[in-house]
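Next, two complexes with chain A in common: one pairs it with chain B, the other with chain C.
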Partner chain A sequence: METPNNERGNERETNQDDPGYERAIHQEWHHALDHTADLKAAGDPTDPTVVTAPADTTAAAQASPTDLPIAPTEPAVAPAAGTATAVVAGHPKHVADPSDLVLAIRGLRVSFSGNEILHGVDIDAPRGGVVALVGPSGCGKTTLLRSVNRLTELAPTASITGEVQLDGSNIYDRGTDLNLLRRRIGMVFQQPNPFPMTIFDNVAFAMREQAKSRPSRSSLMPAVEDVLQRAGLWGEVKDNLDRNALSLSGGQQQRLCIARTLAAHPEVILMDEPCSALDPRSTARIEELIVQLAGSLTIVIVTHNLAQAKRIGDYAAYLLNGDLIEQGLAEQVFEDPREQSTRDFVSGMFG
Partner chain B sequence: MASFTRPLQTPTPQAAPSGARADTVFRGLVIATAGFMLLVILAITAFVLYTGWPSFSANGLAWFGSGDQPLDVQLGNSFLGVPETGEPSTALNAWPAIVGTLLTTGGALLLSFPFALLGAIFIAELAPKRLAAILDPIVTILAATPSVIYGLFAILVLAPRIERNFIPQQQAEDLSAVVTLTGANVLLGILVLTLMIAPLMIAIFADALRAVPNKWKEGAIALGCDEWRMTRRVSLRAIRPALVAGTTLAMGRAVGEAIALSMATGSIGFIPNPLDGYFFFLEPVRTMASSIVDYSEGFESPELKANLFAFGVILLIMTATLTIGAKLASRSAERRLGGDQ
Partner chain C sequence: MPTRLSDRGGVAAAYAAGGVLVIAITVIMAWLVWQGLSTISWDFLTTGPAPGSLEQGVAGGILPALVGTMIVIAFGMLVAIPLGLGVAIFLTEYRQPNWLAKGTDTAIDLIFGVPSVVFALFGLAIFSQGWLSWLSNPVGDAGMATAQSFFCASLMMALIGLPPVVRSSQAAILGVPNQQREASYALGKGRLTTIRRIVVPGARPGIATGIVLGIGRIAGDTAIVWILLGGAVLQAPPDGWYLPWNLVDFLRSEGSTLTTYIFFSSPAGEGNSPGQAYGAAFVLMVVILFVNIALIRLSRRKIGKR
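Presenting the complex of A and B:
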């Protein structure tokens, strides 16, 4: 699957404009690549190089010379960056304040043609964390995820009640700007879905969409480079930005989709089994990326893969037949579940 | 353990050879049919070239120019004979017919492409399901309607209205020394061609739009595009090959259209004069294809036959160039993208 180009991705030359950022990423890369199997260790709060990486990434993103009228997202990452080193032991490293919920889903009920899929689900997503939604097939995980950026209602038979609060305001309130909402809450799909255009155009898609007048390529380039860097794809594609995105491997396509989503400056990224169509090596790179992005963003990820949920999740929620059975710190849900049903699931007895 | 191997055994000995024989026969049939088609096409091309050649060799490059004599006089001469000698002549300056074909085809394409694109977007993306279910078969029927029906519609319904509303009596009299203005003219030719090719384009564009994978549409919506922007930025980009293919097909139909244009354009070998202002569009033309139809009774004259088949040669070359050009254009567009799909 992976092209030989991938190897070049690791040998990136130092960026003259911002050496600190580049070095941090560089260290992070090698660190993560050396221990791809042990991503929890890569996220160890006592390891200073790792903790500072997301903060620096964020700073670079905000300092990037872009004159585009970007969606009015708050710099939600600032507190997480400032307090990252002072995280209380036992809390997930990315999360500054577990009570600071960027997303709060309350009593969400979804039915299609009268057939109820979700029976009133509550989910908390603390700012900066990685929330893993797990459960057997057909339990409503994907429907739940798609209700957070209001994609569910594209199906004419869908009916939705309950609340999804983004920074305290309900996204189902009348008058919500759907396009703005979907920029604040980005989504990465199960099947990599780059558009049939060049790599550059894919990444620049959201930027051009948000710009008032058509921005020039050179004015977009710094931002395109920045998000491709953050998605860990720059080294592989920097000489081929005008290649058709569909000619990339599956794993590269998925990282391109992540870059494309990052370009809209989201506060939350929803990921719907982003690795299920990928080989193990590509999966490891995406997981790495998720761990790197957490902190500056909140990630809600649906996964079938329990090991993956354990590796990357700060929090976990277990759904069964449209009901939330249990949620909490990933460690607690997987190692010491409160409910027997969760225990059965995480121990591999079913699902 | 042994029982598991049973289903993996090869089929019974009789089945294999008979199946293989059927495959061979089928493959042979397919190859033979394809070869026969190719032969027929080559034979037609060779026949048309051979029959039309005397016209080109007699006229040289002047064939493509505009001469002193009107096209209709020349075609009449190659049939009835030159007035002075009574001998039929192959003398032909075909520029008026070439202009007629280019004008009607070009005008119809310019008019129908935006119309067809918007129509296809409406049917495929915007229209409620029930309305789309009604419009769909209507478009298909319109695309398949015989051209003579469009010709009748043009001459019986549209032509009188154009004549009444767009041609002032005074102007028509002023120009009557040069050409007679009637309701059948370039404008009507363009309109009837548009009516014919737009449904074809709508059908092809709408099918392509419906085939755009949902994952691309959802991807665009999830990036904060509304449906209209999604269609513009992603779907229209994805269906570019279909836009090229549909337009080429429509162009082929327009270039080769004979009957309907023979009825609608006035069928006079006249070159509309741009200096006449908007009367340019009210002046008659005669296309190459309708010249063939209009004079087909005179085929027993070898001179006329050569002249009409020479039109056929040009039409063949034009359509072949269009098809190959469109193929190359879409392929080079893909190569520029660097795609390998």
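Presenting the complex of A and C:
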């Protein structure tokens, strides 16, 4: 009966240590929601609650032996809310400084053929965190995600206004190097989509620049091994690098896609329901991977799976019909939402 | 077995349609093999037609016609493949400006639909211009050109070989899942890299099918050969035509292909040697079959090891 004790311990610690932190974060996100607030105000380093609170949370996390409770054998949809709480409590440790926003979406409006999908959305992604975008189908989550690496505009009917600031500069500025941008902001899709090539070539594709100066296989091998290691796939494929990537299982394919994305050295990875096509076991592995990758890079994940968002999200944003309803610490959004609409959604009343 | 009468009728009709086709093809092939095989010999394949001979038995071989078919296929497709692939990529991946895309679409349909003899006639008008005499041969000092050469014929052949390459490649490119394009873009690859490394490799089997169909069209065409290559069927080619340094002269000269040879030597043409015609038809069939199988095989690349 170790786990329940820990949970209680975590809850207690959370309740004792977190309110100040949570309030600070509340204020921050409120500022962000007001279009008037600018980044600097939100990221005021002199605010003591912001600076000190995360350290406390980290301590709480370290005390918890259920740091990575999602063992590969466990079913993905953890039935007990308590488990999720434990994980969430362990999470803000990925974020060194919540006011250090790697991504700041400001007033993003997207419409297709005049039909507006997003009505001016603001999202903050603190560096190193896992930001879960949740909301019912058709609320614009995927469109939002695809607007962050500028895939939305591949549709000729799309029209986009607003700003997406990556490290403070708007990616929609004229003169943005699209290819560089998409290397800095990688993407993992809903359906695993490896190229019909060998496993090695899938990963190497992201690394190879020009056909003229194609690096040799042996010179790419260390980097290929490295990203496959980080994606937790190396052990399974190291003897089969020349096999067709499509011969892998769905879960392995998705991890290959993550490895492929890592090969471009992104600062941010966008994930569009990366587990929705996978079985529970593969889902658990991907979630584990996301938790491992967070910290060294920032992950923005769209998910339909509220339990998943609770398990892995440091922060959460709830969208409804193209509007941002609420965002903040995942724990707060899921456990103590400010908006009635969020409350209805997270309690499973609709969506 | 379906129980309703109308269903059974439909099934029976479908069986019948398939059966008739299979029977028809089998009969044609068997007839060709039976008639053609008796004519085919090493000499038949490696000698030219005997000069002036119109009679069975002394008519000689089909070597120049066979080579001629290969040449128009090779040169025609040399132009048609890159052009067709380019058009297909334009029509699928770019489509800008729209009027150009629509115009191109219509043009491809027109080329597909218009009989080749029309293009041959047009080619005659163009290639007989004096300033194009380097494609064939000048006619005396009239400032005109003969307009009959492998070059002239191959250029027109490229035109009729183009539509199948375009349409088949287009379908294949559209069949490459959008997810793969997006995956490539999301990895920071540009449009050109995506097309070259993802789209075209993914469309390879369809492109190969288009090439096979294009080759079939070129190999089967008679009108262009007749008008733009000349009816030089029973003429033996000039001595040493196969030597490399005679190549350009040879390609500027008149020639023949298997199709015109078949027409010429059949009783419907000027000759009266059906055996020759069957033999040549058999060879043509084997050539096309071989090219088809080879191309389709080549296009199915195996990815990695099992």
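Just so it is clear, the second predicted complex is superposed on the first by the 257 of 351 C-alpha atoms of A that agree within 3 Å, B and C clash if a C-alpha of one lies under 4 Å from a C-alpha of the other, contacts with A are read in each partner's own complex, and residues count from 1 in each chain.
As a convention for this text, a contact is a pair of C-beta atoms (placed from the backbone, for glycine too) under 8 Å apart; a residue touches a chain by one contact, two chains touch by 3 or more.
Quantities reported herein were computed from a predicted structural model and do not represent experimental measurements.
Q: Quick one: chain B and chain C on chain A, clash or fit?
A: Verdict on chain A: clash between chain B and chain C.
Q: Is A:195 in contact with chain B, with chain C, with both, or with neither (first, second, both, neither)?
A: Both partners.
Q: Identify the partner contact of A:154: answer first if only chain B is touched, second if only chain C is, both if each is, neither if none is.
A: A:154: touches chain B and chain C.
Q: Using the touch definition from the top, say if A:186 reaches chain B (first), chain C (second), both or neither.
A: So A:186 meets both chain B and chain C here.
Q: I'd like to check the shared interface: which positions of chain A are touched by both chain B and chain C across the two complexes?
A: 149, 151, 154, 178-183, 186-187, 189, 191, 193-198, 205-206, 242-244, 246, 257, 260-261, 264
Q: Once bound in the complex, which stretches of chain A touch chain C?
A: Checking each residue of chain A against chain C gives 149, 151, 154, 178-183, 186-187, 189, 191, 193-199, 205-206, 211, 242-246, 257, 260-261, 263-264.
Q: Can you tell me which positions in chain C touch chain A when the two form their complex?
A: 177, 179-180, 182-190, 196-198, 201-202, 303-306
Q: Could you list, by residue number, the parts of chain A that touch chain B in their complex?
A: Per the stated touch rule, the residues are 71, 149, 151, 154, 178-183, 186-187, 189, 191, 193-198, 205-206, 209-210, 240, 242-244, 246-247, 257, 260-261, 264.
Q: Could you pull out which chain B residues touch chain A in their complex?
A: Of all residues in chain B, those touching chain A are 213, 215-216, 218-226, 229, 233-234, 237-238, 334, 336-341.
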